[in-house]
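Below are structures written as structure tokens.
Below are two complexes that have chain A in common, paired first with chain B and then with chain C.
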Partner chain A sequence: MAEDKKPRALATQAAGKIPKFVRGSLSATLKAKEEGKKVAYAYIADGQDEIMRAMDIVPAWGESFAGVCAAKRDAEKFLQKAEADNFSRSLCTYATCTIGFDMMREELNGEPVPGAPWGGMARPDMILGSGQLLCDPRFKWPQATQHYIPDVPVFVGNMYYPPFDPKLDHKDQEKFYVKYAADELRELVKFCEKVTGKKMDWDRLAALTELSDKTWDLFIDTYELRKAIPTPMDTGDAMNTMVPFTFNLATQEAYDFYKDLYDELQQKIADKKGVVEDEKYRILWGAGLPSWFALGDFQYFNNKGAVFPVEVTYRGGEKIERLDLPKTNDPLEHIAWRWVRYWTHWYDKARKRPGSIPKVERIIEYIEDYKCDGVVFHSAFSCRSWHAGIIHQANTLKKVYGDIPVLIMEGDIVDISSYNEADTHNRIDAFIETLDAAKKRKG
Partner chain B sequence: MTHYFAGLDIGSTMTKVVIISDKLEASLIGPTGPEHRKLANKVMEEALDLAGLRFIDLTYIVATGYGRINVPFADRQITEITCHARGIHSLLPTVKTIVDIGGQDSKGIKIKDGKVTNFVMNDKCAAGTGRFLEVIADSLGVPLERLGELSLTARKAAEISSTCTVFAEHEVNNQLANGESVANLIAGIHQSVATRVYSLVRKLKIEPDVAITGGGAKNIGLVKALETRFGYPVLVPPEPLITGALGAALIGKEVYEKYTTEGQTPIRCGRGLEEATFFS
Partner chain C sequence: MEPQTNGLATAEKYYNQYGSRAKDLKESGKKVIGYLSALGPVEILTAAGVIPLRLKGNVSEAITKGDAYMETVVCPFVRNVFDAAVKGRYDFLDGMVLPHQCDSIDRTNDVWSDVLKLPYWHFLNVPHVTDDPSIEFMKEILRVFIGTLEKFTGTTITDEAIAQAVKAHNENRRLMRELYALRTANPPLISGTEMMKVLVAAMSLPVQESSALIESVTKEVKERPSSKDMRKRIMIIGDQIDDVAVIEAIEGAGAWLVMDDLSIGSKMYWQDVDATQDPVQGIAERYLRKLKIPTTYVADGNNYEENLEARFGHMKKYIDEFKVDGVILFIYKYCDPYGFEVPAVKSFIESTGASVLYLEDEYSTSALPRAKTRIEAFLEMIA
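Moving on, here comes the complex of A and B:
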């Protein structure tokens, strides 16, 4: 069908700058040794960004590297390497891809792996894990990596937040969680001081924390511009524009990126330029990491007049004022409050709607604020933290909110053998027909 | 003047054509293969012959199924999910859940007033599809169409623990060597497919009435195994292979009627009864 081959002409210019960001982060790890800086294996959304940046530690993000390998469809050699050491394909393929890469680099005595996408990552001086509720590999991935680089010290902090209980007010418990998280961060600082041989510059940490807060605000202000009809940017772009927020937080470059993106989106709205010429359906990306090797599927949606003005994935921030954080002069305590209040942000709403849960409240809020006609979830089988709860979320949404078209796509984040393009497109076609029928029913 | 509407369902294994006016004029089922897929025009010609019609007599044509894009003369392409829903609703209006067991995939479809509200499809694995049954039938030397009746003579369904087609075939061969009867093995295989299909479709919250379509619905042993798994009887349309094509033809009719009611003429693709040329 010719309509499927139309290019997405109106993607943001900002998204086009992202490869430079990602490549820059990877090459920074390779240059760090010459610059006398330490490299840390780091994991996203764990509250450690400001500490690393304040101590000039260069983060090497396994999730980013594995995503690049997947996007370039060049991950198989690393997955197979890990599989040869009995790492199952059902384990997180961000982890197994990176571990396979680590194994290869160690066989070369720590030298760069020839042919690794964008040069790969440098051998780390430390591993800064964060065992927390976001995903289970956060505990085991650093430990498994250490098998291959046993001389590299590991710190695994625990950043918890109160579990949701519809009958309990989490605010009664949150001080305990904040204190616990702040103490963990303090231990992390001590660990980093020991490995780097440098003392923490607390004023710098405070300044970077303030910069992060400003970036959180700007990130949300920018993304909320996407409420416009037609939307000026969709999730296909957001899977790129999330990079500075996710991997470069607490840097001026990240803040400046969102300033540019904000201006660009405002201009598009003023010019009434949407992602597609004729916006017919607005869809929420409700959960799940994307298949990095199949980001073209967003364009497949776009070619059918469907856009994603909002996504849950990689929207790991909120306007600071909405979190109502208590005042503190301790930057670590501030980060801990921000952490706990972000993850519990939808708890109050969920308690007010019988049978609901925070994740579904968030979805409902986005459906309403962004005027979405349907929800797409992506069940990436090796990402168990998302995969396992998706059907429950979809069923809860239908139960507490009403019948809204839902599509659950299946695949993986890195492992391309999970993917069938014809099948995926067939599902998308059927979903579009379902959306159309639902819209007609509504009138 | 009578208006005729055609629906073509080009599935992975079988091609189905239905021509309707205010009644069913003709239906045709034939195998799909690389060449057949290329020759959708030939299948349509046969169906037109059956109905005693010419191509120019057709008012609107809708293609569905995996091969729907290979029908150059179709006025519209619609997924088989939507078409099955429409087809079943016309035949069995009380149905709320459809289980379609096709040659290379299986699906669950929830419908309301003939429209799809939700659906699930199997993953890349062949277990739970007609292909699984084909492989086992071949391995046992039993014609596919005899699997159903043979399984009803089983004393006790053999336990087939593998859901993987390749491993299940191996398991069947081992059990055969150990003296298990063919009937018991086929009954076991039907249970295995029914379990797999049930675990897929239950993601939708199954609501009765349930109908089964696709080639799997022609296998009485599999239908019985599914009824046992679901815990209540399931409905089987008179010709379960053509519900998608029927739905496509009905949608074509609805499109035409909607346009004419609004005083407009539906846009036709303008192509003749020609073969797809984009393979060469």
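Moving on, here comes the complex of A and C:
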């Protein structure tokens, strides 16, 4: 039985709507069959959102379901199921959690798994993976899942961007990276057409791509309101408010959500209402996925007068005009350009600061824009994609920017066995003392 | 070059003094470029006139310096090699090329380049997918790589030079396969421990010297008196196992290691580069489509069963050809590419009738006693 956990206090009304949003997305997968729609297992930040939405494919997001299981502290039975078939505990626990769930559902001949959080996910009609620079599980997870549902077809496309090399100008390579990403998206369209038996409506795709662009802009405009002092929203909320952007991109609901959030934050700023009454410390969440079972730790920071006005995690968009995208009438090419430029748009800054790297430039930009006093990273043991390289980011930040308090927390995204609340809070207490001392030194 | 007559002793020497030949060549004025993984495009390095050196760590040495820069969630092999590099073991390198094999390499590229500060650095962005657009992309990134090497070495890498290097490396692979064939005999003409030393030595030498070494070992092994020591025959599967410790654990427990599907073993030597008009085309196809590694997504079949055959069918052939009784899957902890396919590969091999032992371990001898106990139990089970 899942352990009861007191929910984290939420600062915005918008964040309070998120559980309904997530539940809606999960139940949409369960209702899809009745509505004659196809369900796809999908993975976030793969650049495939507009294509799925344009073809009325209902995404079943593995990361979302695993995150829900973790937040409800109800993932262990799925992790153990996967482990029993030799999936190591050191592998991505988003993946092993959902694979364990898939194994149970297949043992029930595809019927819902009793007691699965929020009803679980429907058996998919297809799996849409992605080989990329972000994360190996995005192509290994679909393959491993197919072992248990072998009749379900899998597509894996590649979405790359030029790696950072201070001696090379990435713009010299952009065109062939964009061509490659667009070609792979075209392969995805072909695959979806085959599985759904429907032709792509290219006008609809173009309209949804435009809607995504508008949502990117609004998302950033909204989040930039958090620069206000006191900040009207912190990362504890953002780990919720990222949901529409991450899982519902290319839908009107996502756009409307950020419109409401924008209005709410503006009102909070006008009323001078911050996340905490006495905002003492402003912290950047520098990198890493959170422990979904311990989101209450953000509240613990808040209780100490510390707020997170900005985070790198799940801020997967940028103002479109800042990316200076070349004009094209091909929506796939547009998505490809947006992808490549998004991932590379801190490269030039990094090149100008000897010894820096793009990830650190992004951190510096946020520290300055949001007036942060320190940086917190979270290192999850089961995830290399986000969490390998964090020490280097922290070291480089200190080297090229100056001494700033940094805390690297350790845990996992789903596996609660790694978590010790007392130790975590002790480390937070020590970090707050460091922040305080640093602020006093600065005067 | 004079033919060698003492191949096994030479292999032992280069195994024990890993990289010493490259270091000597560096002192004589050659440039040495290190690389990681089976995806290192050695043909291009050879064509550039540099000495390619596949990097390895030391399983007997604890990580003492690398952890200050690199997380413990990273692949234990990558951490160990990095630790060795930080401690100065590879200080003689002029540069490195890191092929994009997995997250543990990709996500630590900055760490390697910034900490080691070698004069030449290149991250080769190898795709995970093998369709036609991926081949075209692979050719593009190989051309970028060639351009950076040309700039670094100050020489033009001609198609002719690449074609010659392709020939030399194909010959090297043919010779190694010839040596592997001696393991089909029962008992095998060369032990797994000896073979591991040859594989490790071979990847540390310029291609011509590597070929001479392999030829010499083959000759020596063929000529020595044959053994009558019949034992259970084992195949090992994994990524970079490059030390005799695990092999000695297997053979010390009374079996022969007769075949491998390792990234320094058969994965490296079973597939040649086709001679193509544009030599880069053949190289792109070999590294993307022919290499059987879990970081390449293979799905050319019409259904899941056919895809399994495309991914693992070669293992079935090895089991038949090398008369394998049992298979050990030796997978490093924190390895998503290998770890996620354990259930699939295990059931695929078991469907051939061979027994499988799955071990998850570190790139370290510290945890080996536990593995040894399980290996001994496995051998008893299949006896």
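Here is the rule we go by: the second predicted complex is superposed on the first by the 433 of 443 C-alpha atoms of A that agree within 3 Å, B and C clash if a C-alpha of one lies under 4 Å from a C-alpha of the other, contacts with A are read in each partner's own complex, and residues count from 1 in each chain.
Rule of thumb we're sticking to: a residue touches a chain if its C-beta (ideal position, glycine included) is under 8 Å from a C-beta of that chain, and two chains touch if they have at least 3 such contacts.
It should be emphasised that the depicted structure is a prediction, and the values quoted were computed from it without experimental measurement.
When the two structures are aligned on the shared chain, A:N395 is found in touch with chain B and with chain C.
In the superposition on chain A, no contact is made by A:Q80 with either chain B or chain C.
Of the two partner chains placed around the shared chain by superposition, chain B is the only one that A:V406 touches, whereas chain C remains out of contact.
By the touch criterion defined above, A:E433 reaches chain B but does not reach chain C.
In the superposed model, A:A422 lies in contact with chain B only, and not with chain C. In the superposition on chain A, A:Q252 makes contact with neither chain B nor chain C.
Contact with chain C, but none with chain B, is seen for A:Y160 once the two complexes are overlaid on the shared chain.
Residue contacts after overlaying the shared chain place A:R441 against chain B, while chain C stays out of touching range.
Comparing chain C and chain B on the residues of chain A they touch gives the larger count to C. Under the contact criterion defined above, the residues of chain A that touch both chain B in one complex and chain C in the other are 391, 395. Chain A contributes residues 85-88, 90-92, 95, 129, 131-133, 135-137, 139-141, 143-144, 146-147, 150-151, 154, 156-158, 160, 162-165, 167-168, 173, 176-177, 179-180, 183-184, 187, 355, 357, 359, 379-385, 387-392, 395-396 to its touches with chain C in the complex. Residue ranges of chain A in contact with chain B, taken from their complex: 1, 391, 395, 403, 405-406, 408, 410, 418, 420, 422-423, 426-427, 429-430, 433-434, 437-438, 441. Of all the residues in chain B, the ones that touch chain A in their complex are 66, 69, 77-79, 81-82, 105, 115-121, 123-124, 203, 205. Only residues 68-75, 100, 102-104, 106-111, 114-115, 121-123, 125, 127-129, 131, 133-134, 136-137, 140, 144, 148, 294-295, 297, 299, 303-305, 331, 333-337, 339-344, 346-347, 358, 360 of chain C touch chain A when the two sit together in their complex.
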